[in-house]
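First the structure, in the form of structure tokens, and then the observations on it.
The letters A, B, C and D name the chains in turn, as written, and every chain counts its residues from 1.
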Amino acid sequence: MDAMAIVSIFVLAVFVGFEVVSKVSSTLHTPLMSGANAIHGVILVGAIIVADHSETTLELGLSVAAIILATINMIGGFVVTDRMLEMFKGNKKGADK
Amino acid sequence: MDAMAIVSIFVLAVFVGFEVVSKVSSTLHTPLMSGANAIHGVILVGAIIVADHSETTLELGLSVAAIILATINMIGGFVVTDRMLEMFKGNKKGADK
Amino acid sequence: MNRTMYDLIGLAAGVCFILALKGLSHPKTARRGNLIGALGATIATLVVFAYNAPLNNLGWIVGAIAVGSLIGVPAARRVQMTQMPQLVALFNGVGGGAAALVAIVEYLALGSDASTAVVIFTVFTVVVGCVSFSGSIITFLKLQELMTTRPVVFPGGRFVIAATLASVLGVSGWVVVALGTTPLLILAALSLLFGVLFVLPVGGADVPIVISLLNAFTGLTVAASGYVLDSTLLIIAGTLVGASGTILTRLMADAMGRSLFGTLFGAFTAKPQDASAAGEERPVRSGSPDDVAILLNYARRVVIVPGFGLAVAQAQHTVRELADLMISKGIDVAYGIHPVAGRMPGHMNVLLAEANVPYDQLAEMDEVNPTFGQTDVAIVIGANDVVNPAAQTTPGCPIYGMPILEVSNSANVIFLKRSMRPGFAGIENELLYDPKTMLLFGDAKASLTKVVSALKAL
Amino acid sequence: MNRTMYDLIGLAAGVCFILALKGLSHPKTARRGNLIGALGATIATLVVFAYNAPLNNLGWIVGAIAVGSLIGVPAARRVQMTQMPQLVALFNGVGGGAAALVAIVEYLALGSDASTAVVIFTVFTVVVGCVSFSGSIITFLKLQELMTTRPVVFPGGRFVIAATLASVLGVSGWVVVALGTTPLLILAALSLLFGVLFVLPVGGADVPIVISLLNAFTGLTVAASGYVLDSTLLIIAGTLVGASGTILTRLMADAMGRSLFGTLFGAFTAKPQDASAAGEERPVRSGSPDDVAILLNYARRVVIVPGFGLAVAQAQHTVRELADLMISKGIDVAYGIHPVAGRMPGHMNVLLAEANVPYDQLAEMDEVNPTFGQTDVAIVIGANDVVNPAAQTTPGCPIYGMPILEVSNSANVIFLKRSMRPGFAGIENELLYDPKTMLLFGDAKASLTKVVSALKAL
């Protein structure tokens, strides 16, 4: 994909990121952070790709480590976020506020 | 630019468009519509490009017509939007609401 | 200038457009937003000149731009505020037309090597551009009241529309497969026709919604041209307008209490309506300025309901004078502002702001409706549809479902209008015949002036 | 599976992430949003397997994923609510670490044909990934209170930091120019060091802000890897997190009344502070549960200010019992909720929701502060920093500038805490020595139970 396309995508994604969260209420700061944190766990995809390409044991070793860490980030992140939000069930009304 | 990039750009731009206006107050509906309307006047760029490439008189004639219309859309659009908004000066306080 | 540079500047222009829309959706930043948009457009235009320099047909191009400016700027400068919406409609139409023309030229220039995608997008632009063009013209005629603002529906109309749409699609397919000029022109003609038929059945309050929709359409055509002309800028700008336009259309529909679906497919579902013709012979209670003055003088609370007529009569200053006078007499005065009173959202706010009416006297529909019960006099100045009970009582009438200002709950209702003619939606207003209603005929400004002096005299 | 398919599915995953963030920022949709995010991540992972099938080292890959899950899931399931923020910090750290490792592998695999851009982005990822990793670990230690939560500042510290940063940049340049493994490892080491030094001087309330910032950093590294690995998905996902994370960091800083700049460059500007050591020998007025009960019994209005200690003591049900009891006695009761009371925003809302405290009894800071004037008793349960006047009176103290609950305006203040130890920010609270303050020492739950029975007895 040519550089220009990537720049455009980057710029647009920045705007989406800004706009989408700009109105979040302070009650949701932590869950939102935690969710976003889980999202960057997709680096797992990158880790898998490099593991696939690894030739040397060093490369493979590092890739495997990367996969483990990325998985922890991704799966753990989504689970803990869900648990945080679960706790809000209590006061839907509150949440609406 | 490859098709994939274009699709990505399109999708992201859709989200930006949605998010950016989703909170507009009804007082601004008309100016916003008018402003957006002026923005699509950039088809002028397209009109200029085809005029540049025109070989036959027919093509040139149509392109020239396109340029005229696009210019009306673009310049007229921005001017009229500005005039609409000018009228809000009166009640900033109101506008803030 | 190299390609990267060109693209980067194009992207910058795109960002300007994003910031423009962002700004335009907040009152404080709206004006700056519009200017940023204009900046972006300027950059975009200049960079094309720079990148493709020297342009062929440069003279023609510059000349055309000059002509366009000479038409567009004065039109935008001179137009009356009350006519801005139809001007916007017109501008949107020409934009669509421009997109269609560009696409036609592209089509003519298409080599047989053109990818199917390119052909499809070109044809798409021609069709939607034409629809947007002719449709906008009709909305213009409606708002400008050069034709009836009421839904134009003829028996079997919806079948005609369906047929037209079908043939548009059919011919499109044909045009994509068999490149050819004649089929394309037929297609354009059919699309123009469809645009007309699509908008004709739309009436009254729905018109601005349709303008917004066509505006979004035009945006999409621009995006499509961007694909064909390989211009990221056009893709971004067009998509932005398409997306934001769609949302905006929904927001407008909600604000006017209209179902978007009903509006869009009204064309297919609309049945001929027997909206009762205006001005029947039925008794009404009309009064003199003095009668009005007396009513007001002994009121504790008065709600002023301004409408399109106030704008026509340019009576904003006079109405303020009256309000101040009443306040000085210790009467509790409020203006009841309906979201779609007038001809553009915010029309009344703007109008009264001109007369520096204190903002805290303006009450939005939701605030004011509950208070009519305690209101002695509701004085309706050049408004009609926005207080028409038919919106609640008469299913199938053009404004049915639109939330209204429930003036009929107040002890007395006074209408200032020139005649028994109906309003924008072209439907009879039962409230005019209500025993608690008093009509003061004449131009709003003239009537108000009389009322003021009468009230002073008391 | 062909490339287009792969890319399209990737884009779909990207859209999931957008929708996830969108959902997460509205209470009603937050949970669904998170699930959509998880869905996107799953899709993204599966499609890599499908597209590159058959993967080399498949066994290793699957095994690693299994191990990761076996570590991550139980950790996330078991963690106490009060410890979630540090777990998030930890997860963020490992994410950064993963990005750095991926980049290192890429770097090792780089042919001499690699474009400068690719090299630069790779190095960028290594650096920022390492910073995010070590920095997050430190924040974890701070929140877990495995190390002091107070700013760690040593004389000349800021020069050390500046020097480290400089050398990081220097070595980066070197690594970009002269591809080589050793320099890269040096760079990684330096970056790790910088991460530590960057976070050490951050104290108290700023910790969560820094976590959010590092979170945004990690996002950017992911975007960079996306560029190197030519994966649109990674670019979009990474950029989204980077952008939203940045905004979120600012919002958090505002909510806690911190200057973002101060937080970021605190490292460079922080001077050793003489935050007075906890627990000096000064007279305080401590009371018995009965004293407290009596005060409450004759109060007309009581405001309960919960803090971290309430969570530690898990006294939410007991406090509700007390509140209900007071209400039954006709006392007007409200909970004053500080935005950063506890250890995560919304911590108190969540805690009290567990005890089904009626939502309308929860008053946010801005609502409740003006009412302390008419409040007879403010009962502060396991809160400290959020009511510490030092935030307003002592420039340069770690929480200076943070808006607080102004309990000192109420006629009486009661503190329920176990000792004279300070709170999270580790600073003395003058209010404890205020004559109008009464301290009830002991675990919040135990004390509350006693107060309830005493109050019942009256």
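Here is the rule we use: a residue touches a chain if its C-beta (ideal position, glycine included) is under 8 Å from a C-beta of that chain, and two chains touch if they have at least 3 such contacts.
What you see is a predicted model, and the numbers here were worked out from it, not measured in a lab.
Visitor: By CA centroid distance, what chain is farthest from chain B?
Guide: Looking at centroid distances, D is the chain farthest away.
Visitor: Can you compute the centre-to-centre distance for chain B and chain C, using the mean CA position of each chain? Integer Å is fine.
Guide: From the centre of chain B to the centre of chain C is 16 Å.
Visitor: Measure off the straight-line distance from the CA centroid of chain A to the CA centroid of chain B, and report it in whole Å.
Guide: Centre separation, chain A to chain B: 35 Å.
Visitor: Whole-Å distance, chain A centre to chain C centre, using C-alpha means?
Guide: Their C-alpha centroids are separated by 43 Å.
Visitor: Give me the residues of chain A that touch two or more other chains.
Guide: Correct list: 1, 3-6, 8-9, 12-13, 15-16, 20, 23.
Visitor: Would you mind listing the residues of chain D that make contact with two or more other chains?
Guide: Only 18, 232, 236 qualify.
Visitor: Each pair of chains that touch: what are they?
Guide: All chain pairs meeting the touch criterion are A-B, A-C, A-D, B-C, B-D.
Visitor: Going by the contact rule set out above, which residues of chain C touch chain A in the complex?
Guide: Interface residues on the chain C side: 4, 7-8, 11, 14-15, 18, 232, 236.
Visitor: Hey, which residues of chain A end up touching chain C in the complex?
Guide: The touching residues are 3-5, 7-8, 11-12, 15.
Visitor: Applying the document's contact rule, which stretches of chain A touch chain B when the two form their complex?
Guide: These residues of chain A touch chain B: 1-2, 4-6, 8-9, 12-13, 15-16, 19-20, 23.
Visitor: Considering the complex alone, what residue numbers of chain B touch chain C?
Guide: Going by the criterion above, the answer is residues 1, 3, 6, 9-10, 13-18, 20-56, 58-60, 62-97.
Visitor: Which part of chain C faces chain B closely enough to touch in the complex?
Guide: Touching chain B from chain C are residues 13, 17-18, 20-22, 24-28, 30-31, 33-35, 37-38, 40-41, 44-45, 48-49, 52, 55-57, 60-61, 63-65, 67-69, 71-73, 75-77, 79, 81, 84-85, 87-88, 91-92, 94-95, 97-99, 101-102, 104-106, 108-109, 117, 208, 211-212, 215, 218-219, 221-223, 225-227, 229-248, 251-252, 255, 339, 344-347, 349-350, 352-354, 356, 359, 362.
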